[in-house]
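Here subunit A shows up in two complexes: once beside subunit B, once beside subunit C.
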Partner chain A sequence: MRRLLTLLLILSLVAPARPASQAVVLVVGADSPAIEMDSVSVRKLFLGVPVLVNGKPLHPLRNRSDPLLDEIFFQQIVAMSQSSYDRQILIGVNRQGWLRPEEYSRVEDVVAALNADPNAVSYMWQRDVGHNPKIRVIRVVWSD
Partner chain B sequence: MRVSYLLIAGLLLCSPFARGDPWQYELLLMPSAQAVGTFDRQAPVTEIVDEVVQVDTLFTVQRGAFKVFGEYLLSDHEGDLERFQLGWQATQDTVLWIGRYHQPTSVWNHDHHHGQYLQTSISRPFLDEWEDLGGILPQHFTGMLIESAHKAFGSWRLRTALGGGLAPIITPKGLEPFDLLHPDSEHHQVGFQARASLHPGEFTETGFGLLAATDELPTIGLAVTPLPGLDHVDLKLVGAFGIYAAADWKVLGTWYYAHTQLCSPTAVVNGHFQVGYVEAERRLPHDLTAFLRWEGSADAGRSDYLKLFPMMVRQRDVGGLRWDFVERQALTVQLSDTNTLNGHFKDIRLQWSAAFL
Partner chain C sequence: MERLVNSLRVRLIGVVLVILAALVPPLYLGVSAIVREGYAERFVNSLRVYSRLMADELEALEEQDLDRRAVALLDSAVLSGQVLFAEIRDGTRVLHSSIATAPIRVPAQDDFYLGDHNDQVYFITHTVNRGDHSMTLRLGFDEVPTRESIAAAERRVLMAMGIFVAASIAVAVWLSAVIARPMVRLQLAAQRVAGGDTHTQLRVYSSIREVQELNYHLEHMRRELVGANERLSREIREREVSEEKRLDLERRLLHRERIATIGTLAGGVAHEFNNIMTPILLYSQLAAEEVPAEDALADYLRRVIAAAHRARSLVMRILTFSRGMDSQQPTVFPLRVPVEEALALLREIVPTNIEIVLAAPDQTLPVRGDASLVHQVVINLCTNAYEAMRQSGGRLTVTLGTIENPPESQVRPGCYHVLEVSDTGHGIDPLVLAHVFEPFFTTREVGEGTGLGLSVVHGIVSSMGGVITVRSTVGSGTTFSVYLPAATRQLQEAAAAASTGA
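Right, the complex of A and B next:
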């Protein structure tokens, strides 16, 4: 038993550091008119479908700073495979002239875009939000 | 006309209602190349063109709830502004368009438009064929289109589209829609279209619906007509359609009943015909999709209106295979067996199509 406990202790020390829990949250700028959004509206928004608040369309921003975020985006936000999503975006542009979400590969750029555009909506790791007063969390998209 | 549309577009996009919103753009290119071989030919008229290289360009400029949306098709045979619409997103589920649009009672064209990449088969059903390719029904109108969606019966969605605008005229070359870039005709009359469909969810294509349209189509310069002194045709359509879309299967079908009234200063001739199709698409391993389509008609041979269209397809069987060999690029082969009002022919088509965002 003592050997087993020793082994577990060593393993826990050697194992890569990982936060106790992770979450992906839906975020807007501090002065955004968006207060809350249900999962259907979030899905529509990132499929390019117009979602209006106070008569103005929200602007979705895809955060592609982390491959794991991409996985969560397809599984939890738009609920479809990458190929199906790609086709839906093409169909939206072809039928209605819908705009596909702008894409950003750095978290800093997502934050800057949220601050610049009050109608922008994106998602990021909760740890990346930190205590930034210019960003407001309106929904937890996924947590482990 | 060109200047006034651009002026309205500019005013909308710069209006106080859009103040504070960023300008946003989208550009989608859908190129394709196609070759057609016709054999066993016993019909006087088959294809208008045997090979086509084309680029379908879609563009959107949006600011706030206003947008300018267009589709320009450039091919080795034509260059045409197929759609040019000024849009206002009135509510989350309702958009108002003015400009040149594809009429909503053609389910195929309203869903696929001109981009070859987004349709599984190479050719479209003949009842949805474009005017300049021998089509029998008006497809391009210039006027107003209102598209909307609402909750209905719990989680179901009711999608509607209402349109009204200048309809095509009938010339020796077939139907000729109002041309925004060369607005040179004052003969066009107004036509109206309506479409309503029910869908079991917000995000599904599966659904069924009803269609109706009424058009007055003036005739210009016809040397030979089924009715002496033919002045115009009143065309009324009612129809129904259904779509079943699952992960591996898609089945879609449309059926129209058309009532025609050929009018001259001294006589009126009534007639009717029916046209429709059913297409089944099956996804297979290795990014392959097989498709089969049956197109049929009733009373087509007795219709005086259809005598104006020598390429009218009475019955056609279509089958083929599409291979999405890399992301956003596909190769398709298609075989067809066609009976027109005047004969019969078969054809084989090969196509490369792509989409670039």
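Right, the complex of A and C next:
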């Protein structure tokens, strides 16, 4: 019995710790007029389709600071494969004249852009939002 | 082994195999990766769209009778045949499809790639916002059909690669045969040419331009070689002939020099001897006049005088030989005349068992020289022929004719009148034949011949600018041929001068 307890203790130490629960959230600047968005609007926004709030178009910002965040973006937000997304964006830009979402490779840049543009919308890890008063979460995109 | 490795066909096939070995594996891996990614992309795209629609549908469901409607939605997903796991979590509440599914292991995390977590099920979770609270929709999609499709596609790619490799090798073998066959034929033909068969044409039919050009140049080289060989052979033959002529001329020159030396020596001796003989003959004749005819001494003196005459005759013949027979002023005369005169004389003294035949054309056959010397030549030659047939009898043939550029090497090119004396006697031994024209050479018994007959003939012919040759076969007979330069032009000139003078 003692041996079994020792083995379990060792296994619990050696086994990789299960990561803490994490979530991806949709965020806007503190001054943004956007309050709430359903999943279809979010998808439209990041596929380049103009989405208006109070008569002004929202500006989608892609957060490419984390590869996993990219996968979650394709799977949860736009709900398609990367190649399909690229194709759709190209079609929208070339045929409809829609705008391609701006891309940022650092979280700090995303936050700065959100603060600078009240109509900007982006997504990031919940932990990156923290208690930043300049950012507002408007929707949970995905949670583990 | 080295010969095999160096052969063109093996090299070509080897190069193709090396290229295939270098290209086919990465090509197969690349095509397989493209196939896998294509299938995976389609699979992931379709399930993401499908699950998103499910989540949107769930988000839009009315609150009334929500559980029943949610389970119906899950049943619809399971009935699609692609969903192996469907679950809705709302706080502590968990809703499952009412349709029983096979138990599967459900991992804690979502999948983002085909084959993630290696469990053959692609799990995806959507957060569904329903006003004041959120729910999670979790679906598990069957990866097996897509994986089987990928495996089947990879097998097809592998099969296509195999067919490509086999076709490439077959084409390489065929191509190497097409290229190598004419080369091998050229090689065999070149070997035959190198072996001496230079008349075998290097002719290979090939559609390859380079092979055609190689064939053309080799054939050109062969023809050049054949031409060079023929030129070389001709030159060698000419050199051999000229060398033979040179040796013969050298031999003849030595012979002439020898004869001339002997002739000079003999002439000197004969001259001195003639001076000695003159008083002997003179005083013997004076003495004979003083002695009565019936006296025995007179008989002795007559014998001395006769011997002195014979000795003087001999001396005169020696002098004739040594002086080159130029005592008379040369004239142009018909060759036939002295020949016929000599034969008429000979018919009187030759026994009847020897037939004398003259074969002569109607032409005059003019030659330049002394007719009496030609008469002596005929007498000497015919006497020798008669001597050769004295015991057995036979035919003595004298032939006259004309010949342009005689084949005998010692005769210079030109027009000659020929006097041939042939007999059917015992012939002359080859060892003897080489010396017959030398002075004092004789095969007769001592006292029967002086060995000067043929050397005198030789001297006479030479003094007339002619050549005498002899050919003989032991047991069959001998033929002496005398080539005298034709004097047709001189005869015409003499005739013209005579008519002008008249």
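Note that in this section the second predicted complex is superposed on the first by the 125 of 144 C-alpha atoms of A that agree within 3 Å, B and C clash if a C-alpha of one lies under 4 Å from a C-alpha of the other, contacts with A are read in each partner's own complex, and residues count from 1 in each chain.
The rule we apply is simple: a contact is a pair of C-beta atoms (placed from the backbone, for glycine too) under 8 Å apart; a residue touches a chain by one contact, two chains touch by 3 or more.
Since the model is a prediction, treat every value here as computed from it, not as a measurement.
Asks: One more residue to check, A:E71. First (subunit B), second (subunit C), both or neither?
Replies: second
Asks: Please indicate which partner A:V40 is in contact with in the superposed arrangement: first for subunit B, second for subunit C, both, or neither.
Replies: both
Asks: Could you look at A:N94 and tell me whether it touches subunit B, subunit C, both or neither (first, second, both, neither)?
Replies: first
Asks: Per the contact definition in the header, classify A:V140: touching subunit B only (first), subunit C only (second), both, or neither.
Replies: It touches subunit C, and subunit B stays clear.
Asks: Does subunit B (first) or subunit C (second) touch A:S105, or do both, or does neither?
Replies: neither
Asks: After overlaying the two complexes on chain A, where does the subunit B footprint on subunit A coincide with the subunit C footprint?
Replies: Common interface on subunit A, subunit B vs subunit C: 40, 43, 83.
Asks: Can you list the subunit C residues touching subunit A in their complex?
Replies: Where subunit C meets subunit A, its residues are 41-42, 44-45, 48-49, 51-52, 55-56, 59, 108-110, 112, 124-127, 129, 134, 136.
Asks: Using the touch rule from the top, collect the residues of subunit B that touch subunit A in their complex.
Replies: 17, 20-22, 24-26, 28, 30, 58-60, 62, 64-65, 67, 69, 85, 87, 89, 91-92, 95, 110-113, 115, 117-118, 147, 202-203, 327-328, 355, 357
Asks: Across the complex, what residues on subunit A touch subunit B?
Replies: Residues of subunit A touching subunit B: 40, 43-44, 47, 50-52, 55-57, 59, 83, 86-87, 89-91, 93-100, 117-119.
Asks: Can you name the residues of subunit A that touch subunit C in the complex?
Replies: By the definition above, subunit A touches subunit C via 18, 23, 38-40, 43, 68, 71-72, 74-76, 79-84, 139-144.
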